[in-house]
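Dropping the structures in below, format is structure tokens.
After this come two complexes, each holding subunit A, first together with subunit B and then together with subunit C.
== the complex of A and B ==
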């Protein structure tokens, strides 16, 4: 006897009740549920493996508030959503938007911290000011922001960062590639430990510009603060003017 | 008042609830469940059934026999579907605690009950039209409570209205949609239950408590009264504080001994048959022309030289007769000597004490299951002794003690215990920072002579060659560099001693 006929004979007097609506496939109920499965600081691959194909589910996850605890996971979700979407993604302005983005476009009215961190491709446009660690460890892609706070484009390897206004302290620390353009001014220690890549500043730069740099190119059209190129071992710095104790090989622009 | 009570009692009798119970059992293909036992009521108009911890009230009776059948059906499906077993109930309780911001025992119990109620009634609803009618009858009665309904009840009723497409009161709160999303994969996939329960705890925590979810968690082991002796499978990945909380949610008492025991249950000692020959092949020896040709190991000989020159490059496998013999039916008794000094780090998850005690528990229970008598010495600066016994509980109680002082091995006590049972297996688990080793050396040596001494040192080997050589003269010594190996090694030695190729000859 087949199982179905066995069941029919067992339930012959019973008419089946209503079928409740059920969804097929794995589901993520919430960010907390996803974090239970992948941990609070997962890799992109771990998140990508579990994130549903269904874009509505992904949108629901992005619309929830990650708080501080799940912000990295939320960041990965924004990247995945941007990559899947043909139109630019406009998520809320929070930390870690576009984390490890590979392609696609994200447009933000303002940005929190760590926006575009470790991105490899695609574009992020911030209409207002960005927070700390903008484009940190970038490996490709482009970021355009009205301004940024400290540690912008730190440890950048490739890609292009444009700041339309002013940048904060420690811009482009430890860069070994990529291009940074600041249309306004930047504060102290820009290009610290720079090994390669380029940094162009249209306005002024703070003190210790290119501190300990060993490669790359820094050009400041305004005036650099004191000790520009302090203990630098390579690369080039050119500035419209510079304060006292600048390195001997700092070039003054005409 | 008394007359009214008598009237209700007559109503209950006329209802013949045992027939209703049997009808409910028949509905669910006669699950093996005991008949509800009516108990004495403290209030008039209430009829408690002690073994199921339910109370039928006069209001319920007034709803008619179909309502009571619905109640019994609901109860039965708890025991046959969700949570059904203690293990599943434990998983749900843990999930509820994980999901709560403020993990509280009664709140977690509410949530487990609420979750299992929804699962059970959804399962019944899908089964047949008749079951659907009964299920909705119960929920409609709840919805008619009006002002007495609390926010939790309103949210759940609103969710069930959407989920079941039933005529229940609606609720416009966003939590209703969250719950709908949570139950959208259905309720039949048991592997999803813990995740669903955890998520439900997150959603409903702000609304607790309500009318729903009260009472004890229903599983077969608790109903049958043997939940105290059965293992909780989820104990393997919980620390003691969380374990005690999970047990409290289930309405059980979780102590240190049970925590270790539950974890040791999941360790399996694979029993290999006692098939051992007295002779076994040993190293190759020269094959000479006088030897039978069949004994010549051609491939081995040719691997050493390209020519076969008899007596020079020809080899055979000789056989040796070992002293080891197949062990008899009798098993050696087991003495566990466990270090509980401060350096063992105490009974928290992942410490030396944790691993060592699990290993000791497993060794004891396995030896016990093989018919051996067991004894234990737990030592630090003081020591506790459980004398030779078949009462495993008393041995376990000694093993879980943690003194947290210096490491003074009680050589005399070990010797006396070993001499009481010559040939016993002595498993000593310590981290070798023994401060009185040389003072007690003679006693330990005599104990090792009386029994078979196996020492597990949670320490690196080759630290002190003199100590190492001295210890190895006592018997077998295992140095445990990685703590994870300790349980494996102890279990391995115990398994070999009691069911495998034993180094213990009982001839």
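== the complex of A and C ==
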């Protein structure tokens, strides 16, 4: 017999995969149990497959502290809980809330980092200020926050983001869709490498607004900092005023 | 019997009883029952002998040999017939064989009460179909071997590694537990009456058992897991020919592994035991898997292997003392510790070694070049890949 045939017969009933599933069929009582089965950085599908049917047990998992190690798993659990619930979910303010949310509503008093990352639908309301990476890689849905720190709505494809106050640096980097509205001001390099979508700022914007942008629309009602539209290749920027060295095609609003 | 301490999937059985019955269904294998005095080790074997050989209990008791320092080969095996020297017409030398030597049910009672030198007598006898003495042969045929021993007492002797290797499985025999004690108190009958009540095998039925066991099929999974299990215990990067059985004065417990990157890696087994495993272990694992599958009327699968392998291995190895002394073993849970190593090896083979095993098999079958396979295998930090597969492919290329 060929050695390959021997190996085929030895592994015929095994599913491909390198890690041992030691607890298949066991109940999931803690985030550690879940992490043992799916790893610390799993896909949503892997978590969804194992998440308890019982909502009380799911609530128990959400109420536990994931620390940094299990924060992604915990984020998926908040999304799954929000999707199951008819009322808005009010989880503790931690990182990765609403990770890959598809529908449902989440209300947070304030938010950590990566809130609403890769969300595809539903709604997240942050009553206070959000941390970094708010709505990163959004593909749908809406996020409303009182303010956010850096890298808000980065690489956004679709959806709607509203910041009622001020936004930090690098807002909407590399966006290829979606809409962002900032009622206050935003700091430097908003709309960097933007390819499509829109960014509306009611207040002022920092320097290098729309740096290297190739599409989309930016409108700043206040004053943009220096070098607005620096080396831009497409798209449009309109601002109430702008600093020195702005691109020639930046439009001044009346 | 005591508790059902052997779990095979969902089935739970008493290890002492089932290993003894399994050995009765096999030939040329030896099972050692290890435990304190009065744990019914000898009685159990004699009861089974009475049933399988369809003999009276007292007759079976008379067959066994019991260890003590004054035992000699002549008393155990046989002696030259003195009458032949008075007979002028005598032909070839005649030997009077003992009942033990001529029987195909051999119980060596209290084996560790034989002094170390006299234990060597059993090196030749165990697992053999014939016994020689003074140039004459006794051919009892296929034989079931059993042995019993106590823990170390004042008048016992340690068993040699070579004789331990010839013992297929070692099973702890515990004292009857509370429930068993109640049952024993209610029993009025003598053990001889119990022997009379047991079913009797005809000689044909008894001799047909090994054939029925051999009909059980071992899956490829089990064969592969056994191969990897033995290599996991035997391979050592620092031993001659990567073979731990070649070591004499230097051992993992004596600092051989100091500085080796496998040391203290809980996934690696090589540094956790002093001795490697011989090919006898592979044969014992295969045959006992089949025997248990036959007894329990199930497939000889990985669950059976996981359950029986610790009993086949634990007496042949010495775990690292400092690892064994940690909870939950507390220095005395050697069987449980070896069971943990066995489970680790089997799980690793089934879940993490598929890729490297397939790379190796493709290269051996000529589906890919040895050089490419060696390059791919060098990425696997696994003793089998590094010390078995790569040298084998280097020889091929």
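Convention: the second predicted complex is superposed on the first by the 228 of 254 C-alpha atoms of A that agree within 3 Å, B and C clash if a C-alpha of one lies under 4 Å from a C-alpha of the other, contacts with A are read in each partner's own complex, and residues count from 1 in each chain.
One rule holds in what follows: a residue touches a chain if its C-beta (ideal position, glycine included) is under 8 Å from a C-beta of that chain, and two chains touch if they have at least 3 such contacts.
Bear in mind the structure is a predicted one, so any value in this text is a computation, not a measurement.
Look at A:244: by the touch rule set out above, it reaches neither subunit B nor subunit C. When the two complexes are overlaid on their common chain A, residue A:30 makes contact with subunit B while staying clear of subunit C. Of the residues of subunit A, those at positions 10-11, 14, 16-22 touch subunit B in one of the two structures and subunit C in the other. Note for the complex: subunit C touches subunit A at residues 219-221, 223-224, 347-348, 350-352, 354-355, 357-358, 360-362, 364-365, 367.
Subunit A meets subunit C in the complex at residues 2-4, 6-14, 16-22. Taken in their complex, subunit B has these residues touching subunit A: 29, 98-99, 122, 124-132, 163-165, 178, 181-182, 184-187, 195-196, 198-199, 202. Within the complex formed with subunit B, the subunit A residues making contact are 10-11, 14-23, 27, 29-30, 32-33, 36, 60.
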